[in-house]
Amino acid sequence: MPYVNIKVTREGVTREQKQQLIEGATQLLVDVLGKNPATTVVVIDEVEMENWGVAGIPVDQRRQKGM
Amino acid sequence: MPYVNIKVTREGVTREQKQQLIEGATQLLVDVLGKNPATTVVVIDEVEMENWGVAGIPVDQRRQKGM
Amino acid sequence: MPYVNIKVTREGVTREQKQQLIEGATQLLVDVLGKNPATTVVVIDEVEMENWGVAGIPVDQRRQKGM
Amino acid sequence: MPYVNIKVTREGVTREQKQQLIEGATQLLVDVLGKNPATTVVVIDEVEMENWGVAGIPVDQRRQKGM
Amino acid sequence: MPYVNIKVTREGVTREQKQQLIEGATQLLVDVLGKNPATTVVVIDEVEMENWGVAGIPVDQRRQKGM
Amino acid sequence: MPYVNIKVTREGVTREQKQQLIEGATQLLVDVLGKNPATTVVVIDEVEMENWGVAGIPVDQRRQKGM
């Protein structure tokens, strides 16, 4: 019954990569805790780069500055 | 002062259904815990089907397979 | 497959009340959106009153002041 | 290493305002808890007004009624 | 800069298992999206079984009934 | 009506510091977006150090290693 939420910046994550994240996170819960995959839920949030900040600076500005 | 977050897949939830979810969740907190509805907040997140996985498989693929 | 998160202040919510919140939130998703209850997940978070603020004031102080 | 999530209704928050929220929230954690800004993350979620309810009423309807 | 939140029921997850969840989730983001592990954050929430419901029933009751 | 969630490691955050976080985050939303403080909610989550990972390593181990 685990619930996993993965937040990443929105920058071209493909459908196949999302599938791999969902599959990998589910398998991780099976491997480490023996959870039932049938009731394991994974939700991916893609966040606009201007809405995500690190060190007080939005990611879109960090990218422009080569950080 | 409760805060309720409802996450569902994005597949045509209407404005009226959202209103019913907001109204119903607020009323639930009033009925069960006697909370003040004036300060009860409900936030609905609609998640793309390719971003939501169950049993390690994205929901859009599950739908295609009739799961 | 909905996921519902209910956050309330920790102040003596009973096991029976939690059961009613879980049952009621699940039924709401069934009634409004026709969701399958078998895959509807509800998680209740109980938050210490000193960790929850409204109007810039922690709830424990609000209670002391009769707010 | 703090993580701050700010949820507001989606109604024209500018890129500059987002930058100010990110900067201000990061600084708050530095000032109050002495956290390292380099590993402080801020994520802003903009929520559609019809998806956010207060007192059992969606915000878009509240605005129409002058609430 | 990804952020991963893993929610599981509180039932004896060991320190070593938590370490494996943190390591595995971080590696998943590196492998699938090429993210920098140094800024990948994983937060594990352990939720009391009476606070987690599936199919409208708290997990502690499901366990008692052998579900 | 903003909602702010602050997650920090559990390591002796005092009641006064929590009050400052709640007050500061609320004021930030007032200053930057002109939000009404009366309906601004702040929730602080304190997360055990073994439940929080950065760079694939739990914070309690990072502290032991002087990271």
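Note that the chains take the letters A, B, C, D, E and F in the order they are written out, and that residue 1 is the start of every chain.
Here is the rule we go by: a contact is a pair of C-beta atoms (placed from the backbone, for glycine too) under 8 Å apart; a residue touches a chain by one contact, two chains touch by 3 or more.
Just so you know, these numbers come straight off a predicted model, no measurement behind them.
Asker: Just to be sure I understand the contacts, which chains border both chain E and chain A?
Answerer: C, D
Asker: Degrees of rotation, nearest 5, to put the Cα trace of chain C on chain E?
Answerer: With C-alpha atoms aligned, the rotation comes to 120 degrees.
Asker: Could you quickly compare D-E and D-F and let me know which has more C-beta contacts?
Answerer: If we tally the contacting C-beta pairs, D-F comes out ahead.
Asker: Work out the mean Cα position per chain and let me know which chain is farthest from chain E.
Answerer: Chain D.
Asker: Round to the nearest whole Å and give the separation of the Cα centres of chain C and chain D.
Answerer: Computed value for the inter-centroid distance: 21 Å.
Asker: List the centre-to-centre spacing of chain A and chain C in whole Å, with centres computed as mean CA coordinates.
Answerer: So the centroids are 25 Å from each other.
Asker: Two or more other chains touching the same residue: where does that happen in chain D?
Answerer: Those would be 1, 3, 7, 25, 39, 41, 43, 52, 54.
Asker: Give every touching pair of chains, nothing left out.
Answerer: Pairs of chains that touch one another: A-B, A-C, A-D, A-E, B-C, B-D, B-F, C-E, C-F, D-E, D-F, E-F.
Asker: Which residues, counting only chain B, touch chain F once they are in their complex?
Answerer: Touching chain F: residues 1, 3, 39, 41, 43 of chain B.
Asker: Show me the residue ranges of chain C that touch chain E in the complex, using the header's touch definition.
Answerer: Against chain E, the touching part of chain C is residues 15, 18-19, 22-23, 25-27, 37-46.
Asker: In the complex, go through chain B and note every residue touching chain C.
Answerer: 1-9, 13, 17, 20-21, 24-25, 28-29, 31-33, 35, 39, 52, 54, 59
Asker: Taking the touch rule as given, give the residues of chain B at its contact with chain A in the complex, in rising order.
Answerer: 7, 47, 50-58, 61
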